[in-house]
Structures are given as C-alpha cells and as structure tokens.
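Structures for review follow.
In the two complexes that follow, subunit A is the common piece, with subunit B as its partner first and subunit C second.
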Partner chain A sequence: MTKKNIKIAVASGKGGTGKTTISTNLARAIAKNRMAAQYLDCDVEEPNGHIFLKPEIQKSKAITIDVPEVDSNKCSGCGKCSDICQYNAIVSLKKIVMTFDQLCHSCGGCKLVCPTSAITDKAKEIGFVDIGVAKEIGFAQGRLNIGDIHTPPLIKQVKKAASSDSVIVIDAPPGTSCPVIEAIKDSDFVVLVTEPTPFGLNDLKLAVGMVRQLQLPFAVVINRSDAGDNEILRYCSKEKIDVALEIRDDIKIAKAYSRGEMIVDVLPNYEDGFTDLFDYIDKNIQLQEKS
Partner chain B sequence: MKELVVISGKGGTGKTSIVASLATLAGKSVLADCDVDAADLHLVLEPTIKRREDFIGGKQAFIIENNCIGCGKCEKICKFDAIEEKALSNGSNGSVYKVDPISCEGCGVCVEFCPNQAIEFNEVVNGEWFVSDTRYGTMVHATLGIAQENSGKLVSLIRREAKDIAKRENQDLIIVDGSPGIGCPVIASITGADVVLVVTEPTLSGLHDLDRVVKLAAGFDLSVVVAINKYDLNPNMSEKIEAYASQNDIEVIGKIHYDKAFTNAQIKKESLIEYGDSPSSEDIKEMWKRLSKELDR
Partner chain C sequence: MKVAVTAQGKDLASEIDLRFGRAKYLLVVDTDSNEFEVCDNTVNLNAAQGAGIQTGMNIANLDVEAVITGNVGPNAFKTLDAAKVKIFLAKKCSVQEAIDKMKSGELSEIDNANVEGHWV
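Here is the complex of A and B:
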C-alpha cells in the first residue's frame, strides 16, 4: 500500500526539456487514480505550471526574510557586524553602517555579534506563495519578486505548503545549483527529464551527479525520445539507470504545450504512460522501504 | 568594445545554438559561457583549454570532532539547518555535532560562537574556470562543482575575465551565453551589458517568462531585443509576442523557423551556420545583420 505523503521531484539539468509537462501530467494521472495529489511549482523564477493547471488561487502569502536594520543611536562603530558578514551585506565605516539587503543570507550573525544590540530584524519581501486547487489537484507555487535573488528561501516556503495526506509532485527549477538542491533535497524520488541531444546528455550527467551526491533514488524520462540520437539510452544502460518513460516527438504535443494545454486532456492516449510512471515510482519507493 | 548577452527566461528556447551561430557569423570574438550550472557551448565550439583556475566562491564550516564538547550551540544558531548531532565515532557515550556541507552557506556564525573553537572555517573550491581557444576566438567558461553555490560570483568572474581578454586582444565584441530564469546568475550576467538578446518561443510559457525577464532588464535600464525561435510552431502566439514587444517598445530582431537542423547541427558539433542551408540558418543570418546594427549604435 502506497504511503500517502510521498514526495516526487521532477528536475533536469537542461532547461526546456519538459519538467512542467511531466510534473503537471503526472500529478493529474495520480489524482485520476483516486489518490490525493498536490503539485508544487518550485521553479519560482519562472513558474509555469499554473498556465497548464489553471488553478483557482485561494490565498496568496507574501514571503519575507529577515535582514538587519541598524539603530545608529545605539551603534558604537566597532565594525564587528561587517567583520562577521561573509556576503558584504553589511558594511561599517565607523558609525555609518550600510546594509545591502540583496546580498543578505539572513544568517543572523551581525545581530548576534553586535555588542550594543543596535541591530534588529527587518522583514524584506522576496516573493509570494500562492495556494489553491486545480480541479482534483492541490496546487501551490512560488513567485519570486522580479529583481530579487533569494530563490532558495522562497522555494523552502513553497515546500512548507505541502499537504500531509497527498502525493506531492515538485516541479524543480533547471540547473544543478542551490535552487535545485533546495527543491529536491528531501524527496523520496527524483525524476530527471532529458532529451536525446548532446546538450541533453551533458546536462543529464550533471543532474545524475547531483542526485547521487544527495543520495536520492532517481530515474530518467526521455522527452522527444526519437528526435535526436541514442546516446541517452546508451548512457543510462551503462550507468544502470532506469528509463521510466519515453515520450515520442509529437508535433501535437508541442502545439498543445504552446497553447497551455495538458497532454492528457488533448491526447488521452498518453495518459497510461503517466499512470505507469507513477506505478514505477511507487513500486520503487516501496522496495526501498523494505530494504 | 560591445558586449552582447543572450538570455531567455524560459529554459531550452535555443540560446546556446544561437550563440554558437552568432559566434560563427562574427568570425572572431570573445565568448563567455555564463550558464555555469549547465554549460553546453563547449559541446559545439570544442575549446582547447589553455588555462584552468580553481573557483573559490566562499568558505565552509567544519567541526573538529576531538575539539567538540557537544554543547549544541552551533546547531541552535545555524539558520540553515546545516548542523546535526551525531554519535561519537569512537563508540563511547555522548554526542558531537557535524556540518552538512550541502546545507552550509558559509556564514561563519557557528565558527564565531563556538565556545571551544572547535570549528574550522576554510575556503572551498566551488568549481573550475577555463580560458580556451576555439575556432571563433577565445572562450571563457567554467564548471560549477556538483551541488555548489555562488553561481552569481562565478558568472561575474567569467564576464570580467572575458572583458580583460577582449581588451588585450583588441576584440570589439563579447558574446555571452546566459542561463535561464531571472535569479542571481542571470542578474550577474546582464548588468552593464550593451545589448541583451532574449530568445523566446511562441508558447504561453515563453511569453509569460519573456515578460518577467523583460521587466528584470528594465530594472537595470538595459537595451533589450527579442528573437522568436520556432516562430511557425504557433503563428498566433508569435503574433501575441510581437504585439507584446511593440507595446513595450522592444524590437523583435529575429524570427527563426522551427527546424530539425537545431538538433542535427548539435549532434554534428556544428553551429547552424556551419551545418549549412536550412531555414533557421538563413533566419539567423538575417538576425545577425540587424543585431550588428544594434551593437554599432
């Protein structure tokens, strides 16, 4: 019997390989099999899942981080705050202390080290978390404020919206650095989406390195599987990585995507593929629990 | 000297294939791959590495088990949940603490407040960067270590290096391949650029992401032009993008056909221009003429 609150992250090294397509359709297929499913859009710089799932947003919450505020009346000009800050986010020139919110990681060091308690926390808005429903699927997304760089802390807040009694599908950002790690790190399973091209293979290798370092179980989905060469299959077989689903290059899918339509709505014959993908993941997680 | 930065908002719209093609058309320029998370330009340009350097992005905390008294202060003050309790490795009773290097953001707060000075704070190598020769000029590129931070810093370093090289070699053009998104590496790659080329595609996602990236660039007062790749995939959506561009006073500098040559050229390690006659290569040549004018302004 499937654990209800498993977390499946959908990631890729390369952008534009189909993370959103896979994650939205997978969430839909799970919900169709009478299990509660929730989709979390953690690609907070460019969240696109809402285009396809068309959710009804029930609440939007502004997300803030703590940045320092300096009371110049209390400041003794000792400079300890700027000494401890590793990010150049607080600079002390005797009694003039300047803060740079964009560079701040909210470590709290300056506040702790200040001998005159001149530093307090100030809330800085970095973006929003929207929570709602998309027909039978729970929905949450993060939206980073344009010009802000605090991607990982916002992703952390999106993940806090996870429901405890649903299968969670996380749509991760592209790449292999801190935002992706934040999105996928406590998942039960990671789906790496790629395409059969040299760029797809190169970036898949990077993504495989990442999930192996995080020690997360994973499998590969090849999108537009007949559009390029066979190197991805060769690589996966050499590395003993399962290819859990292949989706053929189909102009109908590309056109449906361009209009913001779900594959399973426009081309119902693809639905079984997503159901099988979930069954594969589910079995895999159960096997790990036994071992 | 002019710097052209190619970004996209949405990933996978064809940035790198277009950068390789522009490099071909430019003949000689300085190239910078600033998509340090998932760099691909080297797969087409096959650089010969001439110089390699470690990238040190910051520091990391490390608890020396023998000096740890197990007080747990570090765990309490760490804002990144990067410190966890563990049993003593010699099997005796009691516990010590250790730092999870993946979660540690190198703030040094635990180092400062450890009552027994048990925490080391050393610089860490986050990646490696290279200066290489390619058939179209010197290229600066990098690999960020797996699960590493500080991609913005690395992007800034690569751009600075590319500028120095362009000055030394007396090159008048730098072409930068950027990363997707609107976050830290993207901001680090566009600030101060002469022309920002946003490559989009005629999909609702493409338009949505274009809007966010255009607003980002507007905040930095940059000159932005747009290329629509695969424009004939959904002509209706392409019209919408053109309408959006004209409303925002942005030139659509190129429209590129949906073309299998993108994949085929990649497999042959060629730019679209080198790959030969295809609708997309003609479109990119046309776009290059207009881009050159824009860069000369």
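Here is the complex of A and C:
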C-alpha cells in the first residue's frame, strides 16, 4: 500500500539543473494521476516554484527567531555569555555587551549561563511562510528576508506546513550545506537532479556523498540529458545509482520555462515520465519498508 | 603607548597581517621602549564565523590604545569602537615599519569599517 504522506525531496549539488522544473511537474503529475500532493518550496533564499504553479496564497505568516537582548543595568560584565557562544554572536567587553543577531543560532546558551538574568529573548523576523493552493495541489513556500542568513530555521517552518494526507514534494536549495540538509533530512526519498556536464558531475558527486552520509535512499534525474557527455551515466553505473528519469534537451521545454509554464500543462507527452518517476519512488520506498 | 599589530610572524621583522580577524598573531608593542609581547590568535584563524569580533575582543582585553592592521570589517569595527581602541591602517610592510610609520604620523586613523563584511 502506498503511504499517503511520503516525503520526496528534490535536490542537486549544482544550481540551475532543474530542481524546480522537476519538483513542480512531479507534484502536479502525482496529483493528477495518483493521489493528493503538496509542493513545498524550501529554496527560501530564492523561491521560484510560484512562477510556474501560480498559487493562490491564503495565509502568510511572519517567522521570527529568538536572539539575545542584554539589560546593561543587570549585567555584571562577567563575560560568561561570550565564552559559551560558539558563533561569536555576543561579545562582552567588561560592562559593554554587544550582540550580533546575524551570527546568532538561537541556542539560548548565553541566557542560561548569565548569573544575573540580564539576558532575555528578543524576536527577530527572518522571513515569511506563505500557504495556499495551486490548482489541484497544496502549496507552501518560505521567503527569507533580503540580507538575512537564517536559512535553516525558516526551512524548518516551511516543512511544518506539510499536510498529513498528501505526498510532499520538497524543492530543496542547491549545494550540500546546512540549508540543503535541513530541507532533505527527514525525507523518505531524495531525487538528485543533474545535467550531463563536468560541473553537473562534480556537484552530483558531492550531493551523492551528502545523501549517503544521511543514509537516505536516492536516485538521479538527468535533465537536458542529450546536451552534454555520457559521464553522468558512466558514474551512476559504476556507483550502482539508479537513473530514474532522463529529460532530453528540448527547446519546447525551454520556451515553456521562459514563459513560466509547466511542462505537464503544455507538453503532455512528458507527463507520463513524471508519473513514472513517482511510481518508481513509491515502489522503492515500499521495498525498503519490507526489507 | 601600547599598540597591537596584526602579524604573520612572532617578531618585529615579520610582515603585518592585512587580515584583521584571521591574523595569526597579535604583537603588542610598547612604542616608547620597542619591547613587545606575542599573542597567539590562531584560534580565530580557523573560526567558522565572527573572527573579526573575537579578535576585536582579544585586542580589547590586551588594554592597548590602538591597533594597526590592513583591513577592518563592520563587526570588527563595532567591537573595537565599543572598546575605544583606535584603528590605524597600514599597507604591506613589517611590524617595525608599521610602528615607525605610526610614530611619524604616516598612518591614517579610520572612523568606520574600510571593507565590507562577509558572513560565511
């Protein structure tokens, strides 16, 4: 039996390989042909799934994190707060204590060790979570405030918008660092999107290292598959990694993309590919649950 | 007066470190006697973030009147400013040359960061 709320994360080492193209079309194909689906845009530094899905936003919520605020009248200047901070976000210069909100990871350590209770929490807005619907699928996205760097805590909030009775498709940020880990870590399956170029291969290797470290099941999707060389296929075969879907370099896709249109809407002959991708993932998850 | 100089080595002949936060050593020089002490700053060389802030705090704790370095970003400036440490900028030269230039008034004191911050 297919579980209703499986989580599929779409990631990539390299940027611009087609994470949003794959994740938006996958979510749409699942909802049209299989079961309820929800798309979560966790690429909160530059969310762009909305360009293609054109959702109707029903609710927008400001997201805040706690950062320390110091009452200088209560501060004894002991410096314990600055000693415990691993991120150099709070500095004690005898009686002057300075805080650097952008460096703070909201661990609360400074507040705990302060012997005079001079430190309290202050809410700092880092961005927004928008929740809505896009035709037949659920939609949520995070928008990090410009200039802010608190990407992982905002991604965590986007994931809290996940519906319990839909397949969740997570559009992850590029790269292999903290924001990506936050986006994919509790997924049932990861799709790694790449392109057949030396850059695509180099960054795919990094992404494979990341998902193996996290012990997550995964497969590769090659976008613009006939545009470059065969090195991705060679690498995947050597590493025994499944290539679950190849999408060829089709100018019709590029044209649709440039107009903000979905592949499954304007080029229906590609729809089966996305539905098959879901069936492949679904089968894979079921097999793993059995073993 | 006591001046801290960001340095790549442990003596007055070594080159100054143009990077403030990630300087390997801080040389605390008495400009009257030319005697100096070496403070190791390598912890910050490898800091994930906030190296300028931490180095600024180290310098504040050295009770110096001024610091000579190559570049100072916004967070380091904020820390040094709060600690009332004057900041003088120097170009590539030895620690001794930097001290001499400061004494002869050739180094300019800054009242703001001279480079942008970098978060990661």
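Here is the rule we go by: the second predicted complex is superposed on the first by the 290 of 291 C-alpha atoms of A that agree within 3 Å, B and C clash if a C-alpha of one lies under 4 Å from a C-alpha of the other, contacts with A are read in each partner's own complex, and residues count from 1 in each chain.
Criterion: a contact is a pair of C-beta atoms (placed from the backbone, for glycine too) under 8 Å apart; a residue touches a chain by one contact, two chains touch by 3 or more.
Please read all numbers here as calculations on a predicted model, not as lab measurements.
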In the superposition, subunit B vs subunit C on subunit A residues touched: B
Can A:Phe199 be said to touch subunit B (first), subunit C (second), both, or neither? first
What is the contact status of A:Ser72 with respect to subunit B (first) and subunit C (second): first, second, both, or neither? neither
Is A:Gln213 touching the first partner subunit B, the second partner subunit C, both, or neither of them? first
Touched partner set for A:Gly260, first subunit B, second subunit C, both or neither: first
State whether A:Ile149 touches subunit B only (first), subunit C only (second), both chains, or neither. both
Intersected contact list for subunit A, partners subunit B and subunit C 86-87, 149
Under the definition above, what is the set of subunit A residues touching subunit C in their complex? 82, 86-89, 91-93, 96, 98, 100, 102-103, 149
Touching residues of subunit C toward subunit A in the complex: what are they? 47-51, 53-54, 56-57, 60, 75, 78-79, 82-83, 119-120
State the interface residues of subunit B toward subunit A in the complex, per the touch definition above. 8-13, 16, 36-38, 40, 43, 58-59, 77, 79-80, 102, 105-109, 112-113, 144, 146-149, 151-152, 179-187, 201-206, 208-209, 212, 215-216, 219, 233-234, 237, 260, 263, 266-267, 269
Residues of subunit A that touch subunit B when the two form their complex: 13-17, 20, 43, 45-46, 48, 51, 84, 86-87, 105-109, 112-113, 144, 146-147, 149, 151, 173-179, 181, 185, 197-199, 202-203, 206, 209-210, 213-214, 227-229, 254-255, 257-260
